[in-house]
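I'd like to ask you about the structure that follows.
Residue numbering begins at 1 within each chain, and the chains themselves are lettered A, B, C, D, E, F and G in the order written.
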Amino acid sequence: MSAYQNLEQMKGDFYTQKFEAGKQDGTLIINMGPQHPSTHGVLRIVIEVDGEYIVRSEPVLGYLHRMHEKMGETQTWGGFIPNMGRVDYGHPMAWNWAYVGAVEKLMGIEVPERAEYLRVIMTELNRLTSHLLWWGAYILDLGAFTPIMYAFDDREMLLDILQRPSASRLTYSNFRVGGVQMDLDDKCLELIRTFIPHFRERLPMYHDLVTENLILRRRIEGVGIIDEDMCQRYGCTGPVLRGAGVAYDVRKDEPYSIYDRFDFEIPTQDSACSAGRYHVRVAEMEQSLRIIEQALEQLPSAEGKHIMDKAPKPSMKPPAGEAYFAVEGGRGKIGVYVVSDGSKVPYRVKLRAPGFSNMNAFAEAAKGTILADAVAILGSLDLIIPELDR
Amino acid sequence: MLQLLEGIPTQCVAKQDKVSTGRAWSVFLAPAQIVKTARKLYEAEYSLEDVFALDIEEGFLVLYHFNRWNVDERVVLRVLISKDNPTIPSIASIFDGAEWHERETRDFHGVNFEGNPNLVPLLMCVEDVDFHPLLKTDKKRKQIKDLLNLGEVVSCNKEIEALFAEAEAEVASDA
Amino acid sequence: MNAFRKNVIQPILDCWSLLVGLKITGKYFCKPLITVHYPREVIDSENLSTYGGHVELIGKPKDPAMPKCISCMMCVTNCPSNCLTLVKQKAPKPTPEQEQEWAAAAERGEKVVKPKAPKNPAKFTYDYTLCSLCGTCIENCPANSLQFSNNIYWVATSRKEMNIDLLARLKEQATELSAPAPKIEAKPAVAEKEA
Amino acid sequence: MAAQGSVVQKEMLTAGAHYMDPPIVNIQLAQDLLDVCRSMSLWPMTFGLACCAIEMMATGMARFDMARFGAEVFRPSPRQADVMIVAGTVTKKMAPAVVRLYEQMPGPKWVISMGNCAISGGPFKIKDNYNVIEGVDTLIPVDVYVPGCPPRPEGLLEGFFQLQRLITGKRWWPVAAEVKG
Amino acid sequence: MSALTLYQIVALMLLCAGLFGLTQRRSLVGMLISVELMLNGAGLSLVAAAQLTEFSATLGQLGTLFVMGLAAAEATLVLAIIVVVAKRFGSAQTSDITTLKE
Amino acid sequence: MFGIPMILINLVIAAVAAMIWLALNALVLVYCERKFAGHIQRRPGPFEVGPHGALQPLIDGLKLMSKQLLTPDNADGFLFWLAPILSMIPVMLLFMPIPYGPVLTGMEVNLGLLLILAFSSFNGLAVILAGWGSNNKWGVLGAARAVAQTVAYEIPLLLTVLSISFMTGTLNLSEITAQQAGFIWDWNIWKQPLAFLIFIVAMFGETNRAPFDLAEAESELTAGFHTEYSSMGFGLFFMAEYGYMVAMCSICSVLFLGGFYGPFPGIEGWWWMLVKTYALLFLMIWARWTFPRVRFDQLLNLNWKWLLPLATFNLLATALIMKL
Amino acid sequence: MELMAKVAFCVYTLVILGGSIFAVSSSSLVRALVGLITTLVGVSGMYLLLATPFMAFMQLLIYVGAVSVLIFFAIMLTRAEAGGDEGNSAPMRTYVLGLAATMAPAGILGWLVLTKPVESIAVPVEISIKELGAGLLGTYFLPFELISVILMVAMAGAVLLTWEKRGKK
């Protein structure tokens, strides 16, 4: 293969070699990762620093490549759903939904209304856990140890709620083609109803403790500019895009399922920096609460409405064809593209991960900043490594 | 969309059913046209969603998904390239984000993107440079007409029509 | 003047936020703790029972040691991770007398009624280490013979331990139910690491 | 198909730095005492690989609080850690790094393999597997396995108790009440 | 031998070490270290002389203090020069900086 | 007494006492910090090892001692092991001139303050050697940061200390304490509030504590300068850090809070010193578990643009007032 | 007391000697720096013996706290390799010449010190820090100010020399 000819000589770590080949004077090449506390897993970033300033950086992916797309071609249509819970452990419900939605498109299945509401409620609750996890971890990266504890207190309450319909705490895979696995029982709905006011009370504390904090503001304001043009070039979506001032949200702009029935806003920030992304995410938590409240009000009663009655067997055979389904995940637009050849096994499953594109913009955003800013930028992108590597 | 594509010799432009496929337009292109089209799309404020390949009997079908923020109009560009020389120009100079997508496609299918600034393995190990996990075995590989349908054709040239010919006939006979 | 306010006055005023932060953490310092002291106390059973441990068999209501399972293989075929292994029972080997009887019956031209294989499985093992706890097997079981267990505090010191013989486990549970013996730690003492 | 199997040979990995040099003064009582000390202050390394890492974090958080057993000090550097919690999927690309980190830890050291992926490849152990290491024990010696996908935080705590038991030969804490279904 | 002589001998030893180092070292930083050694010797000699004779003790101490101040100033400047030289020539070895000779 | 002079015996006793005091304080402080942090985060912290986890620090220490000593392959072994020792010894010396009670002074030194300043500068050197000796990029970066930080923060610290000694006319810590005898309003904090604030901030900077823990910022530099240290090497750094904290807080309470004198006459004693020192230490711990870490350039900006001018101004104002 | 002083003097001499030899002979610059620091500590001990504790502490403060750190930065910035900089030994000729160059002044000065001893007193004079201060601001005001000006200029010069625009962002 012609493009790889020089790889023959590059034994081992070609990234560092590449950097060293074009090395300037007075710079130092450092490796962040694959085991590094602030990369949230096994991302590796090769950084060339001049003193504390980053001259260039190159993320190295693939340390957690778990062959999801390959598995999509070997598992049955239904058997691939557990994988979706593991692509992005931050917001697995959205991935579940993206895949299930694509297959439903392919097969032309309409989902029972109660199931749709359950999906909305669970996905939004899951979005809260995702944002809380990000919030805590981000502040932890910036050096404060306590906020993550408070965030996890609330997160544990959410996990207790979500554990009921999914029997799991983290890697939810309870969406099924044509429905959801289990219904929300009354106890669970009651828990959600008590959680919402509780969390509304907690949010101001988060703001006082962290958002208003002088040190934090100085750390994130004006750091890591990812503006609208960069978003377009790199394909960034989600809070990164909204932090750049574009009010794009798949839930609003390409309404799927029943999202057009809810009244909610898309928070945006014009600053395009880490602080913008931070504020967008924190504001999104409130919007999620609003959606959940409305969904709970509109939720059809469980009587007579089964959530799984139209669901095909896991060994279903969708007709040949292709379908693309996009949903709004905690990190941005999740797209799943499936191709069927009419057999029990998908012909091709392509997962479009938002984190992949967001991470792509890192190198440009981090150029010229200092090492500590790299951490701030990395955190503000809200990375989940399995999603990057898939 | 159609205005946008003026001046570009497309192979096939077709409207797609949004409800069942999630996309508005499907465009077949020759490999040489992809960069030009991408530039037009960039100017029309489209952003790149993903780039990937499909292993079919006729060769590799490289797919590009584009979407706009203010208008929901997803476009898929399809480029069919042969197995013998799986090479296609890179659009990384226009959409920087394409660099990683292209490298990933290179990892999975072995499609070479000419002009990609850094075409080294992204997800795979260095040892696995020439191993492409998503290549199908001959038994499993299908023809394009068994997988995709064209949709509501606006314009189409002979080659593409020939590719889908039987499928159309089949659909007709089924109906 | 504006620059002075922005660069000098504002930072000093902003220092107030630091005191607010200290106040909040100070407030939480005085609040009661929320920790569940795990081995001494546990989260309430009502909550924990909704969590899915590994998969296990359900016994028949009358005979708890006998699974409801009808060996239909639905769980095995639908399992995405291939963690279940089920061996159907073979029909009981006919004794010589029976064979003679059947042969005789066949000679007589009567229809031979061979005894069918029992429905319950001969062997049902489950490799927990491969499972992704998706619950597909439980959903697809026509006999409702599978469930998530409550065995969620489980650790092992070798990989083999986690390959569970579900039938044996069911038997054990059944005997435990009938005679609730005091739980003794039966795990074997493991050899010293320094060895 | 690329050859599945560890990138580095197993013999190379386990030989060498796993066990400590014999102590200069070997008194059984002192050794026992030190073992107790070691078991009561197991500092884990911050080494989250995938999903299980979040549950590992949850174990350290206020609700479960691993700190009660002296295991709160998550050290970012392998040099200061006693126990490596392999929490998540180990891939072929990551395997050399895992081994290297393990070798950088000073003895005596232990490994907890947390979650099904780390134990055996878990749901990713498929026929055409080309990138996931099927069990971290093919790379480094594992002492305790905590199954689950991911395990509950209590499970990880039990893993710690089991490790303490391996070190000292005794379980120090009461057995938790069983869940009534 | 008086106490003063002993101190002077120690100071002399420092001077010798510094001188020898200056001739032997081939990097600028090494030379700087040697110079510091000699300066120390000078300081010690000064203080000892002032303290152990009838001479004004204040002058001796202050003189040494000034030497220290000078040493700090000198170190700052030399550091700057070394950095510039290292950037210009890519090395701080004296053998590499002999462009005038050639 | 066998020809051994009294002063030597005193010195040895003082050194041993300082060492024990240091170790004891480090243990207690580690426990306090972990408990305090736990309660802020609504969890108990160390709990099961010993009554309420009281044995935890001791057990951690014993474990650290029993770990394998590793010297990295490419490291300079001599420098590598010199560094922790070099960071430990000066900290012990710092305790010598601090008056813990009317007679509880390790060594009466007229230039006590100067001695403390002189020996505290060794800390930066130890860090630098550690970072360089371990031949690790993170270590070098952490060392460079640590040195820039300690050197910078030493200046405002020195200036505030100077303004106190301007005011009191002495460098002897016992005398400074003695001048603050009487009621609570006789303490220096009321005469030098600005100096007190600057001293507190500079103290955070000097001891490398969060929010100024740039040298070992674990989310940026893995573990900073002690990345490669295992076992007791790390333990010594750890202990030195805590010892340094205790020393700085003791000095602060001597300089500003009246040392071993109570808020009103007649109740002086060593316990007051202890109470004040630990109050300051708790402030440090509290801040650590509340605030994010500052960025490196902000840290230096804070020093050069705020603390230094303010400290200089304070010094000049003190001089002016003293003169008038 | 006399004995103690002698013992201490011997110890300090050994420290200085060892340190300076280490500083001159070691192949690694960082080690040489450690040697220098050892010497500095030894010299400050000597100052203590000479009843000038102020000088001793100033020595530590200035040399250890400032100069050594500066030198360390010089080592780091010139990216001297840990062992390589002075690794290969010098040619014999330089060695001999260096030794000769060292021995000549040493011989002369040594001869002077040994044969023409100045009248000295056995117990060092002790002066208080107040007197020093008075001297600094009184009799020796001009040199004091000159030194501070020199320091200032040196710092400004150093900044100017190494100034570099952080341009290409």
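In this section, a residue touches a chain if its C-beta (ideal position, glycine included) is under 8 Å from a C-beta of that chain, and two chains touch if they have at least 3 such contacts.
Predicted, not measured: the structure shown is a model, and the values here were computed from it.
**Student:** Select, from all pairs of chains, the pair with the highest number of C-beta pairs in contact.
**Tutor:** Comparing chain pairs, contacts are most numerous for E-G.
**Student:** Of the other chains, whose C-alpha centre is the longest way from the centre of chain D?
**Tutor:** E
**Student:** Counting only Cα atoms for the centres, state how far chain B is from chain G in Å.
**Tutor:** 73
**Student:** In whole angstrom, how far does the Cα centroid of chain A sit from the Cα centroid of chain B?
**Tutor:** 25
**Student:** Measure off the straight-line distance from the CA centroid of chain A to the CA centroid of chain G, and report it in whole Å.
**Tutor:** 60
**Student:** What parts of chain C, by residue number, touch at least two of the other chains?
**Tutor:** In chain C, 18, 21, 24-25, 28, 33-35, 37, 51, 80-81, 132-133 touch at least two other chains.
**Student:** In chain E, which residues are in touch with two or more of the other chains?
**Tutor:** Counting only residues that touch two or more other chains, chain E contributes none.
**Student:** Give me the residues of chain A that touch two or more other chains.
**Tutor:** 26, 36-37, 62, 65, 67, 70, 75, 82-83, 86, 146, 149-150, 153, 169, 171, 209-210, 213, 215
**Student:** Give every residue of chain F touching chain C within the complex, in rising order.
**Tutor:** These residues of chain F touch chain C: 36, 39-44, 47, 286-287, 289-291.
**Student:** Which chain C residues qualify as touching chain A in the complex?
**Tutor:** 11, 14-15, 17-18, 20-21, 24-25, 28, 34, 47, 50-52, 77-81, 132-136, 139-140, 148
**Student:** Which residues, counting only chain D, touch chain C once they are in their complex?
**Tutor:** Of all residues in chain D, those touching chain C are 19, 62-65, 68, 108, 110, 116, 119-123, 125, 135, 137, 143-149, 152, 154-155, 157-159, 161-162, 165-167, 169, 171, 173-181.
**Student:** Which residues of chain A touch chain D in their complex?
**Tutor:** Touch residues, chain A against chain D: 34-37, 40-42, 62-67, 70-71, 74-75, 82-83, 86, 89-90, 133, 137, 148-149, 152-153, 155-156, 169-171, 385-386.
**Student:** Quick check on the complex: what are the chain D residues that touch chain F?
**Tutor:** Per the touch definition, chain D meets chain F at residues 20-21, 33-34, 36-38, 40-41, 61-63, 65, 67-70, 72-73, 75-77, 79-80, 82, 104, 106-108, 172-173.
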